[in-house]
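To keep things simple, chains are lettered A, B, C, D and E as they appear, and every chain counts its residues starting from 1.
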Amino acid sequence: EPVTIFAAASLKPALDQIAARAAENPDGVQLRLSYAGSSALARQIQYGAPAQLFISANSDWMDVLDQQGLLNPGSRVDLLGNRLVLIAAPGISGDKPLAATLRELPDNAHLAMGLIRAVPAGIYGREALETLDVWTDVQTRVVQGDNVRTALRLVASGEAEYGIVYATDPGPDAKVQVVDVFPDNSHTPIRYPLAMIGAPTPLTQQVYDFLRSDSARDVFQAHGFIPLEPEQ
Amino acid sequence: MTGWLGPEEWQAVALSLKVATWSTLLSLPFGTLIAYVLARHQFPGKQLLNGLVHLPLILPPVVTGYLLLLGFGRTGPIGSWLEQTFGLILAFRWTGAVLAAAIMGFPLMVRAIRLGFESVDPKLEQAAATLGASRLWIFATVTLPLILPALIAGAVLGFAKAMGEFGATITFVSNIPGQTQTLPSAIYTFLQIPGGENSALRLVLISVAVAMGALVASEVFSRRASRRTRGTPT
Amino acid sequence: MTGWLGPEEWQAVALSLKVATWSTLLSLPFGTLIAYVLARHQFPGKQLLNGLVHLPLILPPVVTGYLLLLGFGRTGPIGSWLEQTFGLILAFRWTGAVLAAAIMGFPLMVRAIRLGFESVDPKLEQAAATLGASRLWIFATVTLPLILPALIAGAVLGFAKAMGEFGATITFVSNIPGQTQTLPSAIYTFLQIPGGENSALRLVLISVAVAMGALVASEVFSRRASRRTRGTPT
Amino acid sequence: MSLSVDITHPLGDLTLKTAFTAPSGITTLFGHSGSGKSTVINAVAGLLRPRQGTIAWSGETLLDTAKRVNCPVHKRRFGLVFQDARLFPHLNVQRNLLYGQRFARPDGPAAGWAPTLDEVANLLGISDLLNRHTTTLSGGEKQRVAIGRALLSRPRMLLMDEPLAALDNARKEEILPYLERLRDHTGLPILYVSHSVAEVARLATSVVVLENGQVARAGPAEEVLSDPQMVHQFGLREAGAVLPATIAAHHDDGLTELTVSGGQLFLPRMQADVHSRTRVRILAQDILLSTERPTGTSALNILPATVVALRSGQGPGTIVQLYCGQDRLLARITRRSAEAMALKPGCAIFAVIKSVSIARTDVGAG
Amino acid sequence: MSLSVDITHPLGDLTLKTAFTAPSGITTLFGHSGSGKSTVINAVAGLLRPRQGTIAWSGETLLDTAKRVNCPVHKRRFGLVFQDARLFPHLNVQRNLLYGQRFARPDGPAAGWAPTLDEVANLLGISDLLNRHTTTLSGGEKQRVAIGRALLSRPRMLLMDEPLAALDNARKEEILPYLERLRDHTGLPILYVSHSVAEVARLATSVVVLENGQVARAGPAEEVLSDPQMVHQFGLREAGAVLPATIAAHHDDGLTELTVSGGQLFLPRMQADVHSRTRVRILAQDILLSTERPTGTSALNILPATVVALRSGQGPGTIVQLYCGQDRLLARITRRSAEAMALKPGCAIFAVIKSVSIARTDVGAG
C-alpha cells in the first residue's frame, strides 16, 4: 500500500528522485506523489483528500490546516528553504548589481513574477523589492503569472526581460541566466513545511522519517533547495 | 514506445481516454434531455436552467472545481449522501474526474444538441404522430435520428473538452498518478519542472493524436448520417 | 457598490466585458467563414483544419497560452511581424487577452455555427439563385438569416468562454491590473490566498450576473429570430 | 361510425367556424384555396387545437375545449396524407411505408382490411422505389409514398389533403378505384380534400363545401352536386347532377345498361353486378336538348324529360332544370337555343346524352 | 428566342435522354409522374448539371459538358416556380415576392414587360397576405406566392413546374389568362410542366411529351394534341383536336361566331378582336355524329364532315377521324352506334357540337 504525499509542484524533480530511492531500500515503501499548487492541495486536504503527508510551498496554507486540526500534532517541521533569484532573458547582459539593474530597467522592459498577492514567489518577491526600495520603480513593469513557472517561461521566451523566481526554478538547461540572488534578509524566509495529515500509520512515519534523512537531504540539496532541519 | 513514455504517462493517457469516454457517454443522455427541454419548452425558470448549464463555461475552471469539492466532496452534502446511499465516492477518484469533465463539457454539449432540436421540422414529428407513434417513440425514431449530426457534434465537443480539461479536474480530484492524473494534469506537472517542456510536448502530441482520431471518426460518422438524411445530391 | 468592490476589481469587470465583447465580435466573421467551409466543402486538408480549430479545446489552456506566447509574443514570428508591420503588440496588452479568449472560444463558436449551416436546406439557396442572386448575395440574404439562431448560439458560447477564460490568458498576457487582469485572474488570485474565498465569491457573482444578462438577451433575440423563420404555431 | 366536428378557430383575418358530420364513406371537403380545408383536417387529426369546439368519433369525445378533453394525436389513429408529403428524410421509401405498421391495430371500422406492403406498393406503382432515399423521389412519387404510408398504418379513419393533386390522370385512374373499394368494402371512413369536382363526384358519399372558413353547404353528394346554387363553387363546366341507378345488364359489345327513373342509359362496361345500385353523374354541358326525338345519331342515351325551370346568368348560357322520371337533371345550353326552341317550364323535351360522356371518373359505385 | 436542350443524365434505373427545342411561346412538358419533367426543368435552370449534353439559349451556350461550359444559375436568369413552393421562411410574403427585384433587368425578350407588386399580388389574390409569414399560408397560397416571386424577378424565361396543381378551378381561371397574355404580348418564353391536358391545350404553343426520360413526341400543340397516337398519354377523356379559327363576329346575345375551315362555330363571348385568329379545342367525346342534319336541337354547332378512319380499341368505344373542311376532328362514339349508323371511311356525316362544350379553358388565343 503506497503512501500518498501531496506536494507543491515545484518539488517534483527532487521528490521523484527521493521516491525512487525509497523504493530501492530493502524495506522500501512505495510513494505516490501528487503535485499541484499549494493552495489547491491544502483545500483538497480540507475536504478529505487521501493524503498522508503534505509538503507545502507556503506556510500560510499549512497554518490553515493546522488551525483546523488536520495535522498530526507535532509533526509539522520546516523541511526546506529556498532563495529568490533575479533572472534575465537570453541576450540581456546581467553584469550590474541587483539593485542597480532593477532601478535602471530599460524602458518597455518587463519584470515577470508570480501573482504578487497570491503566489508565494510573487509575495516574497514583492517584499524583497520593497526592502531593496525599488518597488516603486518597477511596480508598473511587473507582469504576473499564475505561478512561478509562468514567470520563468515569460523570461525564457524573451517576452519579459527579467524575472524573479526561486533559485531552484531555472534548471541546468534553462535558457535564462541568473543575474543575482536576493539577500536572504530582504524577504521573509522561504519555507517548505512538512506535516503528517491525521493519525500516522507506521508506514507514514517511515516515509516522514525518510524525507528528513541524509539520503533525502542530499537529493534536495542537489536540486538547489536548502535542507533546514538539524541532522538527527 | 514504452521507452518513449514512462508507465506513469501511459497511465495518464489511458485514464484520460477512460474519463473522456465515460464523461461523454454519461452526460449525453442528460445533455440531450436538457437540450430538448430548452429547445422545445417554455417554463418558468427556463432562463435559470439555461444559466446553470452555462455556468461551467463562465466560471474559471478552478472555481467550478472548488464548487464541486464543496458539493461532491466526501464532506459535501451531495458527496456524503452519495457515499452513504450508493457507496459512491467521487472526490479524488477517477469517477470524480469523470464528473468534472462531464460538467465542464456540459454547456458545449447542450448548446450543440439544442441547435439540432431547434432545426428539426416539427411537421415530421406531427406526421409520425398521425401514424400512431407516441411522443417517446417519435423522439426515438424521428427526432433523434434527425439530430444525429448535432448529437455527434455535441459528443465531440464534450469528448474534446474532457481530453483537455484541467482546472476543475485538478482542483476537484487532485493529481494522483494512476488514479486521477489525467493527461492535462501530467502535462501541467511537467510544465512545472525545469526542463520538463519536452516531456510535456510528448504528452501534448499524444493528446492531440487521440483527439484527432476521435474527430475524424466523428466526421465520417456524421457525414454518413447526414447523407442518409439529405440524400446524395445528383 | 464601490464600497463592495475595490477599484481594481471594477477594472477587472470592465476589462473582462471589453475582452469578451471584442473577442466575440472579431472571431464571429472568421468563425462563420470556417464553419461554412467545413460544412459545405470537401477539400484535402479539411480534417487538418478541423483539428486545428478544435486544438484549443483539447489542449490544457496553459499549453495554448504557451503556444500563443511562442507565436504571438514580441519575439515570436507572428508577434514580431505584427509589431513591425502594424505596430500591433499583443503580449501584455488587453489586445492579447482578446486574442487568447477568441482562440479559446473558437472551437465552440465554429461547431455551433457549422451545425447551423448544415441544417439550412440548400433548396432555398437554389431558389434564390434562380431569382438571380449571386452566391455572395444568397449567403447574406438567405443563408445567414436562416442560421441566425446558430450564430447567436456560437456567439454566446464564445462570449461565455471569454468571460471565464483564465489559463491561456494569464499565460499569454499575464496579469497586469487595469491592463490584462480579467475577472478570472482576479478570482484566481483570491482563491490562492487563505481566506480569500469570500472576495472570490463576490467576483464570481458579478461574473455570473454579467454572463446571465448576455444569455438572457441572446435567448430573447434568438427566439425572435427563430419565430421569424418558423412562424408562430397556431 | 361517424365523425362530428364543431369547431371555431381564428385564422388571422378569417375565422374558421365549421360544423359538420362525416358519416361513414367518403366525405369530401371542397372549397377555394385558403378556405380552411387543411385547417379542418389538422384539427380533426389533433395537430391543431381549435380555440373552441368539440370533435367526436362515434360517441368517443376526441376534443371538448369546454371540458378540457383533448385526445392526443397518436391515440386518435387518424391516418393523414398531408398536402406536402412530409416523408421522413432519414428513412428510405420502404421504412417510410412501414413506419406506422407497429401501431396498426386490427380493430376499428375496417377490421377485416389489412393491406400489405406489396399490395400498396403495387397499387401506387412504387414497388421499384422501395430502397430509394425519399430525397430522390419526384413530386408525384413522394405523394404516392405518403398515401401508402397512411394506408399501411391501418388507421381508424383516413384524412387525405389533396392526395392526387400531383399525379397524372393515368395514375389517378389506378388509385381512385382503390379508394372506391376502400369506401365500399371496408367501411373505412375517409375525409378527403380535393379541388377536383370530378374526384369529388366520383368518390364522395357526402360533400362539405367550405367558404371563408364557414360551411356553405353540406349534405349527401347527389344533393350538393346537383344543387344549382353551388354552380359558382364547382365552376360552370362541372355543374351537373348525380342520379341513382341500377345495373340492368352487361351487353356483349362492352356496354352496361343502367336503369334510372327516367329510362335506360348505356355506358362503358362497369365492374358491378347486375341489379346492384350505383350512381351516375351527368354534367350539365354534356346534355343536348331536342324538341323532337333525334334519329340517325350516335347518341345512345335519349331520355324524355320535362322542363322545370330556366336560370339565365350574365353570360350567353342558360341552366335548364329538368325532371327526368323522379330525378333532376341540369342542362346548360345557350340562351339563343333556348329561345329558338321556345323552352318554358312544363315543356316536354328530349335530353340527348352521349353514352361515352358518362365517363368512368364520373361513375361511382354506391 | 429559343431554348434548345440536348441532355443525357442517369437517374437511378432510368436514363434521362432528352432533346427538344422550345420556341418562343409556351412549351409544355407533359408526362407521367416520374417521367423526368422536373429533372429537365432543373437542368435548364442550372440546378442540376447533366452528365452530358448541351443547353443553349438563343445562340448563347449555357451548358456544354464537352467544352466544360456551365453558366451559373443566377446568370441564366430563368425564373423557376418549383413544384414545392420553396418560399423563404425568414421573409414575409412581400419580401419573398420582391426578392428577385434587385436582379430584374429591363432587357431580354420581354423587355417591355414590367409587372409591379400590386399587379401581381392582385392577379394572384394574395394582396391581403403581403405581411404574413409564409408558414401561415395554405398550400395554394404558397404556390401563388411562388408564382408571383418568379414573375417579379423579370426572368428571361419562365420555368414552371406544375404551378397550378394546388389551385381550385376558380383561381386557375384567373391565372391562366394572365399566362396567355404573357405568351401573346410579351414574347416571354415559358417552359411549363403540367398534368392537366386542359391546361396544356389552352396554353401550349408546343408540346414535349416525356416517357421514361425520353421524348416520346414533340411538336406544335395542334399536332401533338390531335395525334390519335397520343391518346394513351392524355387519356381517352382528353382526346380531341385543336383547330385554327378566325373570329367572324361578336353577337348581342353573348356569343362569338368563329369561322373554321369547315363552317361556323358559336361559343361564349371571347375577348379577341373580330378577324383575329385563335384556336379552338374540340374534345372527341363532345362530338355527336348524326347521319342527317338534326332539327329542333339546342346544339348550335353542326358541321358537315367526312369520315376518314375508324379506330376501335378494346373497350366499347371507337375513335372516328373526320375531315371537316381542311381540319381534322376526332369523335369518340360507341361501337354500337358506329355499327347502327354504318359508318365507313368516306361517309358524309354531321358533327354536332354543343357550343358551350367548347369551353373557355379549351380556347386559347394564338
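The definition used in the following text is that a contact is a pair of C-beta atoms (placed from the backbone, for glycine too) under 8 Å apart; a residue touches a chain by one contact, two chains touch by 3 or more.
By chain, UniProt protein names: B, C = Molybdenum transport system permease; D, E = Molybdenum ABC transporter ATP-binding protein.
Model, not experiment: these values are computed from the prediction.
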Target chain E, source chain A, minimum contact steps: 2
Touching chain A and also chain B, the following chains: C
My parser should flag the chain pair with the most contacts; which pair should that be? D-E
Could you pull out the chain whose C-alpha mean position is farthest off from that of chain E? A
Nearest whole angstrom, what separates the Cα centre of chain C from the Cα centre of chain D? 60
Dist(centroid_CA(chain A), centroid_CA(chain D)) in Å evaluates to 91
Here the gap between chain B and chain C, centre to centre from mean Cα coordinates and rounded to Å, is 20
Residues of chain A whose C-beta touches two or more other chains: 153
Two-or-more-chain contact residues of chain C, please, as numbers and ranges. 62, 66, 166-167, 188, 191, 234
Residue numbers in chain D touching 2 or more other chains? 84, 136
Interface residues, chain C side, partner chain B - complex: 47, 50-51, 54-55, 57-63, 66, 107-108, 111-112, 114-116, 118-119, 122, 149-150, 153, 156-157, 160-161, 163-164, 166-167, 184, 187-188, 191, 200, 204, 207-208, 211-212, 215-216, 219, 226, 233
Chain B - residues contacting chain A, complex: 62, 66, 69-70, 73-76, 91-92, 170-171, 174-178, 180-181, 188-189, 191-196
In their shared complex, chain C is touched by residues of chain E numbered 45-47, 72-74, 77-80, 82, 84, 86, 88-90, 99-100, 102-104, 133-136, 149-150, 153, 155, 159
Residues of chain C that touch chain E when the two form their complex: 123-124, 126-135, 141-142, 145-146, 148, 228-232, 234
Hey, which residues of chain A end up touching chain B in the complex? 4, 6, 9-10, 12-13, 32-36, 40-41, 43-44, 47-50, 147, 149, 153, 168-174
